[in-house]
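These are the structures, in structure tokens.
Shared chain: chain A. Partners: chain B in the first complex, chain C in the second.
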Partner chain A sequence: MRTTGGQLVMLIGINVLLLAAGAAISGGSFLSLFNLQSMTSQLPEIGFLAIGVMLAMCAGNGGIDLSGIALANLSSVLSAVLVGALISSTDSAFAFSIAFMLVAVIVGCLGGMINGLLISRLNITPILCTLGTQMAFTGIAVVVSDGRAVTVGSPEPLASIGNGMLLGVPVSFVLFVAVAALIAALLKFTPFGLWLMLMGTNPKAATYAGFPKDRVLIATYAMSGMLSGLAGVVIAARNVNVKWDYGTSYLLIAILIAVMAGVRPEGGYGRVICVVMAAIALQLLSSMLNFGGLSNFVRDFAWGALLLAFLAVSRYDLVGLLTPGRRKKPA
Partner chain B sequence: MGVKSKKVLAGSLIAAAVAVGSAGALMAADKPVIATVVKISGIPWFDRMETGVKQFQKDNPDVVATQYGPATADAAQQLQIVQDLIAKGVNALAVVPMDPSVLEGTLKRAMDRGVVVVTHEADNQKNTQADIEAFDNADYGKALNERLAQCMSGKGKWTTFVGSLGSRTHMQWVGAGEANAKANHPDMQLVDPNNESFDDANGTYEKAKEILRKHPDIRGFQTSAGNDVLGVGRAIDEAGLSGKVCLVGTGLPNPSADLLESGAITAIGFWDPKYAGMAMNAVAKLLVNKKELKDGMDLGVPGYEKVKITKGAGDGVLVIGNGMVLVDKSTYKDRLF
Partner chain C sequence: MSSVELETAPGTRGGFSLRELVRRRPEVITFLLLMAICVIVSVVNPAFLQPSSLIDIGRASVVMGLFALGVFIILAAGGIDVSFTAIAAFTMYSLTLLVSKHAPWIPMPAIILMAMAGGALLGTINGLLVHNLRVPSLIVTIGTQYLFRGFLLSFIGTVWIMSLPPQMGAFGRMPLLQFDSADGRTITLPMYFLVLPIAALLTWWILNRTLMGRAIFAVGGNASVAGRLGYNLRTVHIFLFAYAGALAGLAGIIHTCANRQSNPFDLVGTEINVIAAVVLGGARITGGTGTVLGTLLGVLLVVVVNSVLVMVGIPSTWQRVVVGSFILLAAAFFVTAQKKS
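== the complex of A and B ==
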């Protein structure tokens, strides 16, 4: 494996710079506790989706998951409709919350498994497969909800996932960090993680080495789907209502985050911590521009510039140029 | 991680600490800040609203009024802007919700923090203190129909178009129009009413051609969605019936200009987003200053001199103005946007 501390250091550096710039623009209120809480509570929904995209990319062979936000909406809408029909969210808040979260994550997992099955068993190219399932998931969500918003309400403990604080940190962010850490550990310490990365690096070798290729693929996309389900839970918890067309812009932003985090589009390499840092960087940048009262078109430009900068850095090993002692030989 | 990385990290932490330390010194918010958040920026409708917000700022130097909006039409993007503005500490939010249901949770949190929340075009929004509507839907439908009747001299066949049968406001408009024709113009005969246009100028054009073939003696069209006048107007124009068949409907001056000039469109009705933006800000300023909203009060904005106040969908109120505008060939140039 190549050394990649450089990418992480750069991401952390960028985050610190953005925090400082935000403080300068806003006269300090950018670093107020309330804004830090506000930003960290906005982060998880897109963060979950970005980790899902990263997992799919790592699987190699053109792996990508375009169905993320569609599946997140389907999980929350379907779960709200199903659970809402059986349990009242006001009378038995606790049962409703638990059932809602479970069903949403299960729907996400099943949707992801469908992706995995189609890709591994039927050998459909991931980009086409997930484009198709994306439309199918959106369609199902429209049908079950009649195209209208579905009310989830604010039953406890679901509402505290959206709005609650744990020692001053939003609960949704704590959940996000915990899940991210779990996946990072899974990738680093289990055979699954090793298989996934090696398979992404060289699928042919993986076949000859006798890896359980199909099972790894299905598990990967199922995990990506579960993350979508979690994103759906967080969206529902924060917004009170869920709707099939929420967050259509998230699709590309999630991919942007993954690429910015140095995940290799050809597969075989990606670090969860970098994805988390890249997600934070995009959040800081967009909040900072809102604080500065700049047009949202500037934000799109800034995101694009940031992405190009990162691509240039990883392509030409600029961090290596700055620290000549550790410069690696060009490939 | 190498020594180098550690140094970079340490440096970053120090820089962050310095930034935090210097924070707070510059906090100086003496004037109340009113943030207008629109559905999407960069389209003519909301550019026009921004001229209203700028006008309001000029007229009211004792507040800070600015407009924000997402670059893409996505409720999630609008939601993030609203959240950032709440965190920034604005005193009032004037929101034109992309999707009222998505904003409920966040607007409630804003109000819990003492932020004044005013909305527009969202009479089903629960978590708002006041929702501003430019006009009463029944009055608007009646006014469109009255203008049509005037052009048709009160007699002949006419029909109606709606965006879709599920569009509540459109059905209210044509419903009020029908009632008006029935009550005041008994010689007007409604044929094949409530055609669905889906706000698609091309589809509307095809449908209008069909109607012109089926009813060669038709004299009038009343349309609802923004693109309907363009489709129906083109059909009338191509049939050489400009000036002979009357067309009154919702539309915007700039796109309709050619057809208004040729006489294919008799008149268009709309409300001016400029004044809607000013009215939202005016109500927000009143609420920030803890003033009460009273039935019949004057907001100091044209079309909102004597507003009607009724109960809203939630705890807030509905503020209904009389901001409808009907323009024809001779007057549309005053409101070109």
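== the complex of A and C ==
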């Protein structure tokens, strides 16, 4: 494991720069309370998915979770169909909201556990496994909803997760920060976190050291699945309908955020705080492109270019170049 | 690699061992599965065996087959590519635009060559990035997929081209085989169908008869050992992705000619189906194994599954669930077969 404050410093620097640039371009309205609130409320759904990708990447051995957004859509669609059939969202809004959230997170967790079981017990390569489950999850979502959008409506308190404010901060963002902090603590202070990182660093050594490898893998993917479920809840809360094909570009963006955050694709290193910072940076950039009136396609182009640029940054250790004294030889 | 394994495999025990056969030639399972599906479907709905539906399947497998050959050769070397659909869309749309707006005099063979060259160029970018950035090729090619597609849609165009230049339309209609079916419709097997067997033969020849083929399987088996043995990893990476890119460009131009229109939003999104086909054909995603024949069987399997679900009365909404479960089952099966041996 390496210790890098450099990445975090760089990400904070990027965020400050982006805020300043946005303010300069828009003449201050970029920093208005309304814009800040709308940006922070857009962030959590993709942030949850990015943390999920980070966890899977940290597990090493080609670990990656490509099923994130598919599972998020499945959780929200399946939960909307199941709970909607039993409880009316207009008559008993509170019961509907609670049941909806519970079912969505449980579906996410189960989906993640399926990934973990297939990868650890059957030894299927994570790429292949999550490609297969991505397709299967999307397929199930299509089947249960018949390919149509499912109405969730805006029952309280679900709607307030999507649109409500807590002391001027969007509730969904508070939820996101709380969950991120919880996972960061889990990684830093529990044996699970240590096992996960060491396993990613050297899977063979981890086997010989007697780590409960299968259980760590299953827990990792289950956690990633649960985060997808949470993303599904936030998506449902922010939109009146849920549909199986929501957020098709989220897969790339989640991976982009993880790579920007300095998570090593080979496993063994990743910090939640960096993922949160990278997600914020991307949201700022996205909003700035919006302010500039550029099309979604330009944004896709920019995301692709950014992903490759950040891969180059970590490959050639450009952060190390900028912070002398920390310079290491490129791997 | 199969030819070598056949010579060195312990065939001394006599008797017919299915497990041994499956281990050495996993595509046997693909073949049996394909046959089983065909038999079941033709029992449930005899219309399946009509020449028209068989020819539809043949036509539908050309574009996917070309993609699959490219993915297979990269998979054999231990990489993966998801940007090929974006390469195909990029080359087909920009080339159609070029020919119809600026240079309607270009003959068809030159258009095909230009499509392949354009695809190879984009593929080379992939290869250079994968080699130099030293990160899993999945992540690099997800990036280039968005890069290529974003460039296409933001800087080249988003408008459908509904009327193709005449030479391209003629190429799409040119018949290889033509006959009248029982109900009086004329059924055509188009000329472009031939491209798939030619490309398959070429790929087989490269993999089994050239030094590059050796290098590809060696890199797929163990890249660092292959590097120490003196294979130039840079050359191999660039060749792989350029070859896959050229096939993607070819597939793109055929897709356009066959559909008689050029839609820049087409193709992207179908990459999982293609990867599924290659994996169902017995190529391991970690590299070093697989055959061209298996890949083609995998393509047929996916095309058949996609087109017969409706024929046997399963709603088409189930298509993703079925293909997704096939991927997982095949992966689990091949891994288990590998472990037992």
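Points worth noting:
We adopt the following convention: the second predicted complex is superposed on the first by the 294 of 331 C-alpha atoms of A that agree within 3 Å, B and C clash if a C-alpha of one lies under 4 Å from a C-alpha of the other, contacts with A are read in each partner's own complex, and residues count from 1 in each chain.
Note that in this section contacts are C-beta pairs under 8 Å (C-beta built on N, C-alpha and C of every residue); 3 or more make two chains touch, one makes a residue touch a chain.
Since the model is a prediction, treat every value here as computed from it, not as a measurement.
In the superposition on chain A, A:Ser287 makes contact with chain B only, not with chain C.
Once the two complexes are overlaid on the shared chain, A:Gly210 sits clear of chain B and of chain C alike.
When the two complexes are overlaid on their common chain A, residue A:Ile140 makes contact with chain C while staying clear of chain B.
By the touch criterion stated above, A:Gly168 is placed in contact with neither chain B nor chain C.
With both structures placed on the common chain, the touch criterion links A:Ser295 to chain B and to chain C. Residues 248-249, 295, 297, 299-300 of chain A contact both chain B in one complex and chain C in the other.
Chain A makes touch with chain C in their complex at residues 62, 64, 118, 122-125, 127-129, 131-140, 142-143, 146-147, 248-249, 251-252, 255-256, 259, 265-266, 294-295, 297-305, 307-308, 311-312, 315, 331.
For chain C in complex with chain A, the touching residues are 80, 129, 132-136, 138-140, 142-151, 153-155, 158, 269, 272, 275-276, 279, 285-286, 317-325, 327-328, 331-332, 335-336, 339.
Taken in their complex, chain B has these residues touching chain A: 1-2, 4-5, 8-9, 12-13, 15-16, 18-20, 22-28, 41-42, 66, 68-72, 74-77, 79-81, 83-89, 99, 101-106, 108-109.
Contacts from chain A toward chain B in the complex involve residues 5-6, 8-9, 12-13, 16-17, 19-20, 23-24, 26-32, 34-35, 37-39, 42, 149, 151, 154, 162-163, 238-241, 243, 245-250, 286-287, 290-291, 293, 295-297, 299-300, 323, 326.
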